[in-house]
Amino acid sequence: MIPLSWYLILSAALVCVGVFGVISRRNAIAMLLGVELILNAVNINLLAFWRYKDVSHVTGQVFTIMVITAAAAEVAVGLAIFIAVYRNKRTIAAEDVADLKG
Amino acid sequence: MTISWLYIGIFLVVSLGLPAVAIILAGILAPKKPSLEKSMIYECGVETHGETWVQFKAQYYLIGLVFLIFDIETVFLYPWAVAFDRLGVFAVLEGLLFIGILAGGLVYAWKKGAFEWV
Amino acid sequence: MNFLSDPVTFIGNWLTGLVANLGIPKETASAWVTGVAVGILPLLAMLWVLVLIWYERKVIGRLQDRPGPNRVGPFGLIQPVADMLKIFIKEHILPAGIDRIPYNLAPILAVGGVLGMWIVVPFSATVHGVDINVGALYVIAVGAIGTLGIIFAGYSSNNKYALLAAFRVVAQLISYEIPMVLALLVPVLLARSMGMNSIVQAQPVWFILIAPLAALLFFISSIAEVGRSPFDLAEAESEIVAGFNTEYSGLKFGMFYVGEFLHAFTNSLIFTALFLGGWQGPGAEQFPILGFIYFFLKTVVVHFLGIAIRGSMPRFRIDQVMQLNWKLFTPIALAAFSSAALVEKLATNWADAARIGIHFLVNMIILGVVVLIGGRVFRARGIRLDALAQRNRAAVKFSMEKSHDS
Amino acid sequence: MILDQVIFLITALVIIIAAILVVSVPKMIHAALWLILALAGIAVLFVLLQASFFAVVQVIVYIGAIAVLVIFAVMLTRKAMQDDGPQLNRYSVLAAAVCLMLFVVLTGMLLSWDGASSLPVNPAVHPDTIINLGESLTNPQGYLLPFEVASILLLAALVGAIFIGREHRAGKEEE
């Protein structure tokens, strides 16, 4: 039997890798991939807690559905924005696209 | 349950391994005489011209986008369909509302010309 | 347990007994035997492809008034073996500038993505692969791996036509996955289960009678998923050389075709299990071998239908493929599924015959409405196109006359 | 059972390596391919957690749809970042240090928590959990609201993304 901590440590590691990607990649799409990693780590945690507590309570599963939905929406809109930005500015390096800064 | 998934794991490994082994075997059996002329990219009989990664239409992205949204919504209807016996009429109507919202998205994409391939 | 009535279980039990005699506990022995059987199944499926290739070439040949393969062996039966031997010893040409890992992974994924579906197919009352409770979705998920193989092939080949073809094919595959998933939802709803075996067991009355629209949509989209005529845009030679596999050679090229032939048959298996009652038939419960025969016969009929369509339909254009899917199939699939859910809930307590009748009726009404509206739209479009063509003709004539004058 | 621990460790190793490659390889398309491997590994984890529905959803949604969309987007914008340029910005060393520290802190906190080493309450999940899930999704006492909100969210994403991503043709706008 796998103890709960294994899943939690794995997902902590995944979050850290994802955060690194978001902070340090220049390409905006690569930053989005980092966000995907973070959200997947969240899913691992949610399902692990569902499994290691009372499995008849489906809260963990419903939250996973919500996270997947949010991830999909984020990817769809994010990539569309990058494509539009690329069309207008011919770049998707995050630091070059600072127009929206207040 | 878990043992079934173990079988599926074995099965998937074998199904991926079988073509891999066949290809490796063929690679050993086959003659190997590489030449510059042979390794050139095929392009309707002329030498390849320009960059490989030509620019793609945004249309592909739009199709992928509509697919993604529909895929997610449909997949989440599956548990709902499995639990159908336990649902009341109200819950079924809720599910249909979900589908209705989905259909609204389809109509929007249609009106905005996401499916026109020009 | 009799050998003739259920050979697979008989052999399984015999082998289990043999292993158990070595001093291994009964359950462990059974698990080992099942594991080995599961490992052998892909091999059988791969060998089955040889028969499929011969059969398909023969049928297409007859459809087109040719004899088909007839030189090697009786009725050309050995032809696929000869072809296989030939392709095995052909050189693997590695084109310049390829991306090696995805390039070599692509044919493997293309075949593996199809083979992987076989594990959930219920062949007979006792032999049903693995009965997981998400079988139907598993089929779709494994199909997604095949799509990946095509993207890999197109991207890594360093050939713009291959890439273009891969993008077209992927756009087509992902588009047709939507009506497929929606149509698959109907049998799941009617059986109240995603397990393939439970779906078969829920079909004393075949689901094709209860949900003819869903069956039709599933059938057409599964043809599109295989990428066969009329959806064979992947190999529109006049437009994109040979498609996403242009830069492949030898067995790597052959693997894409193995995948295609196997996919066509696998889809027939799945269609049979979902809509034609699978192994169900008179006496199938008592004599599982009968169930296997019924399943096989039904599958062959469905498979033949697919081949006949392949042999007789012209190719769609890419815009037609896309519009057919999003403007026709997806709305119909949504309507078919919603109506099925509504009828199923409202008619829960009715007699079976009445419930099935209502389901059928509603399906036919939807079909009728679609044909009426669709016919009108297409006729209007045809008139518009005619007018356009006339104007073009007039313009051409005018300009030609002008050039004659001057 | 030792077998599932072995499978877990191998899968975890694959996931972490693939994830690190996702954030570090220079070619965007390779990052997308490594992401696919990481996501497939996570699907295996879901199987180990006996959430088989989510394992197949993971493959269908993430590998079959999101990864394809990412590859499309990479292809559409690929000229923007010539792949040989620097892919990490000037904060990358700092970021790596911060993330490593974050990981150490998180792991330390987890290990000091008593519940971390707990084992599953019941060894085998009853297959009915999918039915429970489906029922609670449209149950007003359950999660009806999140379910419908999710569909609105997806609709909004669809509308927004189509509006942004569509090619505006100069001539067409004036008609």
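Letters A, B, C and D mark the chains in the order given here, with residues in each chain numbered from 1 onward.
Here is the rule we go by: contacts are C-beta pairs under 8 Å (C-beta built on N, C-alpha and C of every residue); 3 or more make two chains touch, one makes a residue touch a chain.
Here the structure is a predicted model, which means the values were calculated and not measured.
*Asks:* If you tally the C-beta contacts for B-D and for C-D, which one comes out higher?
*Replies:* Result: the pair with more contacts is B-D.
*Asks:* As a quick test, compute the distance in whole Å between the mean CA positions of chain B and chain D.
*Replies:* Measuring from centre to centre gives 17 Å for this pair.
*Asks:* Centre to centre, by mean C-alpha position, how many angstrom separate chain C and chain D?
*Replies:* A distance of 29 Å separates the two centres.
*Asks:* Express in whole angstrom the distance between the two chain centres, defined as the mean CA positions of chain A and chain D.
*Replies:* Inter-chain centre distance comes to 6 Å.
*Asks:* Averaging only over C-alpha atoms, locate the centres of chain A and chain C and give their separation in whole Å.
*Replies:* 34
*Asks:* Tell me, which residues of chain B touch at least two other chains?
*Replies:* In chain B, residues 1, 5-6, 53, 56, 58, 60-61, 64-69, 71-72, 75-76, 78, 81-84, 87, 92, 95, 102, 109, 114 touch at least two other chains, as defined above.
*Asks:* Out of chain C, which residues touch more than one other chain, so two or more?
*Replies:* As it turns out, chain C has residues touching two or more other chains at 132-133, 137-138, 163, 167, 174, 177, 194.
*Asks:* Would you pick out the residues of chain A that each touch at least 2 other chains?
*Replies:* Residues 65, 68-69, 72, 75-76, 79-80, 83, 87 of chain A touch two or more partner chains.
*Asks:* Name the shape of the chain contact graph, picking from line, ring, star, complete and other.
*Replies:* Topology of touching chains reads as other, fitting no named class.
*Asks:* Tell me, which parts of chain B touch chain C in their complex?
*Replies:* 1, 3-8, 10-12, 14-16, 18-20, 22-23, 25-27, 29-34, 38-44, 48, 50-54, 56, 60, 63-64, 66-67, 70-71, 74-75, 77-78, 81-85, 87, 89, 92, 95-96, 99, 102-103, 106, 109-110, 114-118
*Asks:* Using the touch definition from the top, list the residues of chain D that touch chain C in their complex.
*Replies:* Against chain C, the touching part of chain D is residues 29, 33, 36, 52-53, 55-57, 59-60, 63-65, 67-68, 71-72, 75, 127, 130.
*Asks:* Inside the complex, what are the residues of chain C that reach chain D?
*Replies:* Residues of chain C touching chain D: 102, 132-134, 137-138, 140-145, 147-148, 151-152, 155, 163, 167, 170, 174, 177, 194.
*Asks:* Quick one: in the complex, what on chain A touches chain B?
*Replies:* Listed in rising order, the residues of chain A that touch chain B are 65, 68-69, 72, 75-76, 79-80, 83, 87.
*Asks:* Help me check something: in the complex, which residues belonging to chain D touch chain A?
*Replies:* By the definition above, chain D touches chain A via 1, 4-5, 8, 12, 15-16, 19-20, 22-23, 28, 31-32, 35, 38-39, 42, 45-46, 48-51, 53-54, 57-58, 61-62, 65-66, 69-70, 73-74, 76-77, 79-81, 86-89, 91-92, 95-96, 98-100, 102-103, 106-107, 110-111, 115-123, 125-126, 129, 132-133, 136-137, 142-143, 146-147, 150, 153-154, 156-158, 160-162, 164-165, 167.
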